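Structures for review follow.
Below are two complexes that have chain A in common, paired first with chain B and then with chain C.
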Partner chain A sequence: MTTDTAVLPARSAPAPAGRSLYGRRTSRLWRLLSPLPLATGFLTLCVVAMLVIILWNIVAGGIGGLTWEFLTQAPSQGMTEGGIFPAIFGTVFLVVLMTIAVIPLGVATAIYMRHYARPDSRMARLVRVAVNNLAGVPSIVFGLFGLGFFVQFLGKGIDTAFFAGDLAFGQPAIIWASLTLAVLTLPVVIVATEEAMRAIPRDYLEASYALGATRWQTIRSVVLPNSMTGILTGGILAVSRGAGEVAPIMFTGAAYFLPYLPTKLNDQFMELGYHVYVLSTQSPNVEETLPLLYSTVLVLLLLTFALNLLAVLIRIRIRSRQVR
Partner chain B sequence: MITADEGVRTGKVTLDTQLASRTGTESPPMTEQHTVKMQSRNLDFYYGANHALKSVDFDIVTNAVTALIGPSGCGKTTFLRSLNRMNDQIPGVRITGSILLDGTNIYDTGIDVTALRRRVGMVFQKSNPFPKTIYENVAFGLRIAGVRDRHVLDDAVEQSLRQAALWDEVSGDLEKSALQLSGGQQQRLCIARALAVKPEVLLMDEPASALDPISTAKIEELIEDLKTRYTIVIVTHNMQQAARIAQFTGFFYMGELIEYGPTAKIFTTPSEKKTEDYVTGRFG
Partner chain C sequence: MGRLISTAALAAIAVTVLIFVFIGREALPVITSPEVHEEVTVRKMIEPLEFREGRPKEFVWQPVSGVPKYSLAPLVLGSLKATIVAILFAAPFAIGAAVFSSEFAPPKTRELIKPVIEMLAGIPSVVMGFFALIVLASFLKDLFGWTFRLNATNAGIALGIAVIPIVYTVAEEALRAVPRSYREASQALGASTWSTARRVVLPAAAPGIMAGIALGFGRAVGETMIVLMASGNAAIWSSSITDSVRTLSATIAAELAEVVHGSAHYHVLFFVGALLFVVTFIINLIGELYVGRLKRRLTGVAG
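Right, the complex of A and B next:
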């Protein structure tokens, strides 16, 4: 009998005072819950409204300056005129290099964690802790790390070893900026890949092993094809994140203004996010650069969307080719 | 089904084996009509502290169907998976004793496990085709073995699908996804996939337990066909199935091989009380 009253909600049978802890808590919870749909609806609207306002502001301010010349020319007249082509080129170059670096490294780490390391081994736990903490480090710290490790240590080391101390790689360059971004986005790729690999049924692996496949053959012909969409999702997230970061590339390769396009790995480069920062804080005439600034932000947004869209399309293609 | 007469004849084999193990001498050679493909000797198996198989001595006869029966958790699947070292994947496993395949201990150091698994294939309880086409499923084992020649692959795929009695149903569309097949077809596809690498022994872990009666009948028919060319070991919970398709049956209980002999003897005149209780449905 006592258990019955405890289970019943307070509404149907008000239990005697002092014993109806459960029931009272339910009713209090209920009162708290009832405006919840309203509140969530309102908050959702707020989020949508904010997005719309931001997008509207950028589009309205930037669409006018979005001409063919703006997209294909270099800045001129102290950045108050001309276009942003070098920044677009630099951003794409940077993101491509970053992807080339981060996908193999992230996927290899995920394969190691999932298929080679014993889950409770010291190495596996160390990597796990490192990945989790890497994701929480502020991006400016990555910038400083990139400067210290890639530029000063690796770059200078390469110079001493291969260029007789001449300055070649021991300076900020696109390779170091992209590697810094790769470190920043590494956790995203690792987590997405591991998640995809975890979803592969154990049956597939057993079937492969039972047919005489080695571990590596199983990974190559069963694990990787079946986690391709997850890997690409990780790639999408990494690209979106990487394309918009400014802090990690400030010290490691991005340039205020360059009269030429980066063609070598140790060239400096212009980048859209950094260009926005430059236009809005470093310009001698902020009033005049404002339209350019809006258009640049719009291009940055469009470029990120386009890169995302491309990755989504690749994903859909792979999925449709993959029979189900 | 085999006749009681055959049962008595083949029963001698087991009896001799058991006598030999009791006196500790090497088991005598099998009678001329039965050669031994695989045998386990003093096989002990531990999952951590759990002693899953206790000193199992088992002879698997060439080109015959051997059924492993027993209640859940008795070790029959563990034993089956030991035969092609599928248990190697599981952490915390320890094995002592030996399993011989044509006289070679498969647990010796230096044994190529992938080569072993090509010789001792496996079909699982739940059909597990890869999310690839029918063709690619069957060709998988050959591809990883390094076969590139399209003609060789085509021939092997057709031959394996024919052997698995699936060819007539799928020959029109080999590029169709394997996952679009029915459950019974998927399981026969898995059998075809296992046959494609030309194994000598085929291990089957309750291959029909998830199928409807018609599909089950097809699988049983298939096993009947295959036994002329392959040595088959099948784990089953279905005792009628064991009686229908197996020439030899081993009864496991609590990690021990209680009794092993011709199926007819196990089901009609078992020598152990526990076997009799199990096959007559008194427990299990």
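Right, the complex of A and C next:
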């Protein structure tokens, strides 16, 4: 006994027969009860509590107003009654256009980075820096860019070239808002697609090349089919992100209120997030709009969360398949 | 086909360049155009000016008035106040949660914590802004007995909640990147789990945690909708964090829609956007430098 304690510090003196006095379970609990685990555990709990409080508040406030009429009717009575159908329609239209623009570009960039560029070539590093940089640009700066480039430069240019200077595309419109969002979500798609392509076993590619397939044939019949779910995840995450962004579309096409639905590429549109912003800051009578406002927030939250959840589930499926 | 793909891959680079060019193009008249200079110069945006005779010089942002005033100082101060409150609020929670999930939590709990905190990141900023405007502001007003519901602290706390996931994710990755051998060596020397965490793991992962804070800071500076809705939007030159503030980002969002295209005000707002772009770019760069330092440190290359 005395020789033991002389060699080992008292604190880690081994329990008799390798077992704690109170059994393993209690000893683990005891370890968790020391100050640092306790404090950090409490902080973790606080973060979870914040999430729960926010979600609970919005669900409780919005669930009552969430009726079929609310989802399918246009706002009326100065937006104190009626529904949000035009905003839902506008949001869907917006993200569909955005997806059409961002998926090909993002996937092509990922293919280039994985299968064309040498990893440490100057070109590859430049693309990497550009993508990282894009991911960090504030969304309001994208809004400014959309206005300065798409609306004022591209749109005005199209008007001068094809419409004899008449105003057609040189104004805020759904096409410009969706392209702005496409630029903003480009890094999301690139990263998700690259991740999926990285997971394809080398054997597949080598087998394809050994059969005499060219690089493009390999990409088309091996790489793309095997990374489809990853591309899908990227697309879903991009849509979820895009549907929640307001700052980039404020000056590039979103409108307070429109009596008609957008049908042409150069129409303006109503959008859920922008609708929330307008109702909560510019409404003359916040008390009266509050129930509708809560329901609108809930719809937006459900939309983005459902998409995120879908992406997470797909990702889990991809991972589990890799393990096998 | 290869050529087509290579061309498409240039899109990311092209867009980055275009952002530089087109924001710069609209911001540059503030420095070069004589017409804009009749209303505002860069000097006037930085220095305090005497607006009423006999009164001390002051910083005023008041672009729509008889004599338009374009001092950036209140906006920069506003952004700083909101962002600093946000980081001070977010850092303890985010780092605490990161330490807990990487060091102490049983594996199953950890698997649960990560996606739950990442859900916070999935809340659109306009929804967070709405929550801060309607719920949080009233709660904090009652709690602290404020005169104004919407102020720097309210916006800062909402911003803080929004940046917790970023700081958490980066910090947690850094902590988990610390090799097992460090922990085992420490525990073999007789240290407990928590003194291992405090004395060995935290210092080793410190650059990564700094990177998380830097990236959170960058996100908070650029965040628009939350501050636009929750800060009260008054451009006041004041040091109190319970006064209403107007940030750089919110200024652009609030004013650009009503501004005449090509006016001095229009160009000044793009100038503010360029400033925001450069600032977030530098902050993100700092964040990446820290990540690089962490990698070098943990792979054993002298750095």
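Note that the second predicted complex is superposed on the first by the 265 of 324 C-alpha atoms of A that agree within 3 Å, B and C clash if a C-alpha of one lies under 4 Å from a C-alpha of the other, contacts with A are read in each partner's own complex, and residues count from 1 in each chain.
Please note the rule applied: a residue touches a chain if its C-beta (ideal position, glycine included) is under 8 Å from a C-beta of that chain, and two chains touch if they have at least 3 such contacts.
Note that the structure is a prediction, hence the values are computed from the model and not measured.
K.L.:
With the two complexes overlaid on their shared chain, look at chain A and say whether chain B and chain C clash or fit.
P.N.:
fit
K.L.:
A:R118 contacts which: chain B (first), chain C (second), both, neither?
P.N.:
In the superposed model, A:R118 contacts chain B only, not chain C.
K.L.:
With the two complexes superposed on chain A, say which partner A:S221 touches: chain B (first), chain C (second), both, or neither.
P.N.:
Touch partner of A:S221: chain B, not chain C.
K.L.:
Check the contacts made with chain A and report whether chain B or chain C touches more of its residues.
P.N.:
C
K.L.:
Tell me which partner A:A210 touches in the superposition: chain B (first), chain C (second), both or neither.
P.N.:
Touch status of A:A210: first partner only.
K.L.:
Which holds for A:I58: it touches chain B only (first), chain C only (second), both, or neither?
P.N.:
second
K.L.:
Between chain B and chain C, once the two complexes are placed on the common chain, what is the minimum CA to CA distance in Å?
P.N.:
15
K.L.:
Which chain A residues come up in both lists, the one for chain B and the one for chain C?
P.N.:
Overlap of chain B and chain C footprints on chain A: empty.
K.L.:
Over in the complex, which chain B residues touch chain A? Could you list them?
P.N.:
84, 86, 89, 91, 114-118, 121-122, 124, 126, 128-133, 140-141, 143-145, 176-180, 190, 193-194, 197
K.L.:
Taking the complex as given, what residues does chain C use to touch chain A?
P.N.:
Those in contact with chain A are residues 1-2, 4-6, 8-13, 15-16, 18-19, 22-23, 25-26, 92-94, 96-97, 99-101, 103-106, 113, 115-117, 119-120, 122-131, 133-135, 161, 164, 168, 190, 192-194, 197-198, 215, 218, 221-225, 228-229, 249, 252-253, 256-257, 261, 269-270, 273, 276-277, 280-281, 284, 288.
K.L.:
Spell out the residues on chain A that touch chain B in their complex, using ranges where they run on.
P.N.:
Going by the criterion above, the answer is residues 118, 201, 203-204, 206-214, 217, 221-222, 226, 322-324.
K.L.:
Which of the residues in chain A come into contact with chain C in the complex?
P.N.:
So the residues of chain A touching chain C come out as 8-9, 11-12, 28, 31-32, 34-37, 39-44, 46-48, 50-51, 54, 57-58, 104-105, 108-109, 111-113, 116-117, 126-127, 130-134, 136-145, 147-149, 152-153, 183, 186-187, 190, 215-216, 240, 243-247, 250-251, 273-274, 276-277, 280-281, 290, 293, 297, 300-301, 304-305, 308, 312.
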